[in-house]
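First chain written, first letter: the chains are A, B and C, and each begins at residue 1.
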Amino acid sequence: MSTLFYEPSTRTRLSFESAMSRLGGTVLSTESAGEYSSAAKGETLEDTVRTVEGYADCIVIRHFQEGSAKRAASVASIPILNAGDGPGQHPTQALLDLYTIQREIGRLESIKVGMIGDLANGRTVRSLCMLLSMYNDIQIYFVAPDVVRMRDDVKNYLTARGVRWTEVSDLREVTADADVLYQTRIQRERFQNPDDYAAARGKYIIDRDLMRILKPTAVVMHPLPRVDEITTDVDSDPRAAYFRQARNGLYVRMALLKLCLADGYQPDIAL
Amino acid sequence: MSTLFYEPSTRTRLSFESAMSRLGGTVLSTESAGEYSSAAKGETLEDTVRTVEGYADCIVIRHFQEGSAKRAASVASIPILNAGDGPGQHPTQALLDLYTIQREIGRLESIKVGMIGDLANGRTVRSLCMLLSMYNDIQIYFVAPDVVRMRDDVKNYLTARGVRWTEVSDLREVTADADVLYQTRIQRERFQNPDDYAAARGKYIIDRDLMRILKPTAVVMHPLPRVDEITTDVDSDPRAAYFRQARNGLYVRMALLKLCLADGYQPDIAL
Amino acid sequence: MSTLFYEPSTRTRLSFESAMSRLGGTVLSTESAGEYSSAAKGETLEDTVRTVEGYADCIVIRHFQEGSAKRAASVASIPILNAGDGPGQHPTQALLDLYTIQREIGRLESIKVGMIGDLANGRTVRSLCMLLSMYNDIQIYFVAPDVVRMRDDVKNYLTARGVRWTEVSDLREVTADADVLYQTRIQRERFQNPDDYAAARGKYIIDRDLMRILKPTAVVMHPLPRVDEITTDVDSDPRAAYFRQARNGLYVRMALLKLCLADGYQPDIAL
């Protein structure tokens, strides 16, 4: 397995590499492909992929451009796993999120999920919404500062599949009703304008006070890294599921790699 | 095997690491030794090598200075593989180039090779010329912008060994006659003067139009990465051998590593 | 084993990774965690560690802040190995230094050690002093430029344990008497003020001339990298032990990893 990472990562790269090691395979690692690979000399992503597929049996790619993984997959003859394509998608994160909800809540149907934070740029919430639409009786609440509200493409996708969603400005109202609070970081690196960042940051914080109105059976999730949108005194609450969620990434990625590299795999099942 | 890379690389590092993994060995990888190793603290290459040889059985080194691999080999008691020493040499690339010509053309004798692009700084063409001189009846055409013509050291080396070479300014003339068109990138990172770079770049492009006059049995090679000196619409032509060439790097490097680490290896056979 | 390196390293990271490979384990490597991990997005070290412990069985950490390894260990449920915490400690280096003294001199008791160079910021000498205090009849000479003299915390630690230490300004005097000369680099990266760096650098150099007054049974050690504080013409002297010392790091780290990962390991034995 070759990891091609053009953006910083800890969880995703290390959990993929750990997954492949535990399956008995080996890893060709690229920690900062943008600076230290041939991309620095002007090579296109397509050329890089057509080269690397000569050395590896699958490629895990994180890239700063939306659609980059799809472009890579269009020229590759081996499986390409999208580990985040700019503000686009993060499908393996969504799979581990789904697995976490199943393990923590015990079901994937009839749940109420509050999505909080940077919903415009947050590729994890975008991917999770799409996956959740495959299950019955889902209610989604979007809680976002104005400048980073969920984009229409996902809203339309949900509506077309009969998923109920509403935009809510009061986090306490959502907290009292939700089975899952899915908090996300306001991503400074996606903002052009520092004023927009300042306006968005710090508006919706999950702290101990808020946890008092969360149902005993509900959980708090976060794709991590967090900055200050969940205060650290929440960490010891048993409903704080985010570190368990990060660990689930290992198991889900092991399963994905096994699936991709199995005999008879159809690479058109895009991941 | 330890890889010490002081310059960006995709193909060379990953193919070496893949080669060692496939041979059953393990890899100590350094993606950006210039910034994140002790070189950043002022350590000499010699000291780094004398340390790393305590941890690995062979070292693959890419460095920005001509002669660096030879300096490393002079202090090391384990095999040093030169993975590119600035504008000097790139011998493992030349070996895979030779292997590719043999596989694609079916012979290494009596061939006509057009070397195109940055011949002054292109270490791959320099190394390939030297290896080709070991075979009979070789004709080399050098096609380069004025500022980056082949240097005298290689010309004299070829003349001394009876290899015919000529400098030609018309790429079409060479294309009609050659068995191998070996295109190279104009390397911006080797130019001090931006005007020289602008003058050199874009002068000799291989495109679909040019491919019409290339012999059906001839091939186009390129050490990659390419920028725009071969247009992408050439990629689907069966005579476009450059991605097959990149893959051959894996096999040739596996063979080299096996050779270097075999019992009875003489480290004075410099690679 | 996961290596999390927030500061440049060659010896420490590669010897740890080589050690784990030789023990049959695999490695998740991070060469420049400060720039390419989630630390770049504002994640705390504690959060990074709580995530990575889900993917690895032990973590080797180098960080620019004193106390960072202890902070990491306070949240982790797996062994954390401190591979250097800013100007704090470098305990695995001290263990390999001790092992080197034992192998080279044949004993750890009744030895005279001259510590030379940047004693204020040099974490290796700080850690070595503390370990040496466990042995009887140790005499330590501190030879440092004024701006980088040994700090009081270590001096008080030694005094409290009955270790004799003196500050000496004449390197020749120490050289004639010592069993071990432990030279260190003046670390430019620890200086705020360039004048202080200029004043400190070059004051105490070990060269061939000085070696003439060193006892035949004594050795010169250095944690490396060196810049010019030991001249290269000393390297061929059999008493120059620093490259053997670097190699010993591999064996000592293999032993440490085996100890940490053995059944019944008590993680409160802080390393």
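Keep this in mind: a contact is a pair of C-beta atoms (placed from the backbone, for glycine too) under 8 Å apart; a residue touches a chain by one contact, two chains touch by 3 or more.
Here's who's who by UniProt: A, B, C = aspartate carbamoyltransferase.
Fair warning: this is a prediction, and the values are worked out from it, not measured in the lab.
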- Since chain A and chain C are copies that touch, just let me know if over half of their interface numbering is common to both, same, or not, different. different
- What is the Cα-based rotation angle between copies chain A and chain B, on a 0 to 180° scale and rounded to a multiple of 5? 120
- How far is the middle of chain A from the middle of chain C, if each middle is the mean of its Cα atoms, in Å? 40
- By the touch definition above, chain C meets two or more other chains at residues 29, 31-32
- Item | chain B residues touching chain C - in the complex, by the definition given at the top | 2, 26, 28-33, 35-43, 46-48, 50-52, 54-56
- Query: What residues of chain B sit close enough to touch chain A in their complex?
  - Reply: 5, 8-11, 14-15, 17-18, 21, 29, 31-32, 185, 187-189, 224-227, 232, 243, 246-247, 249-250
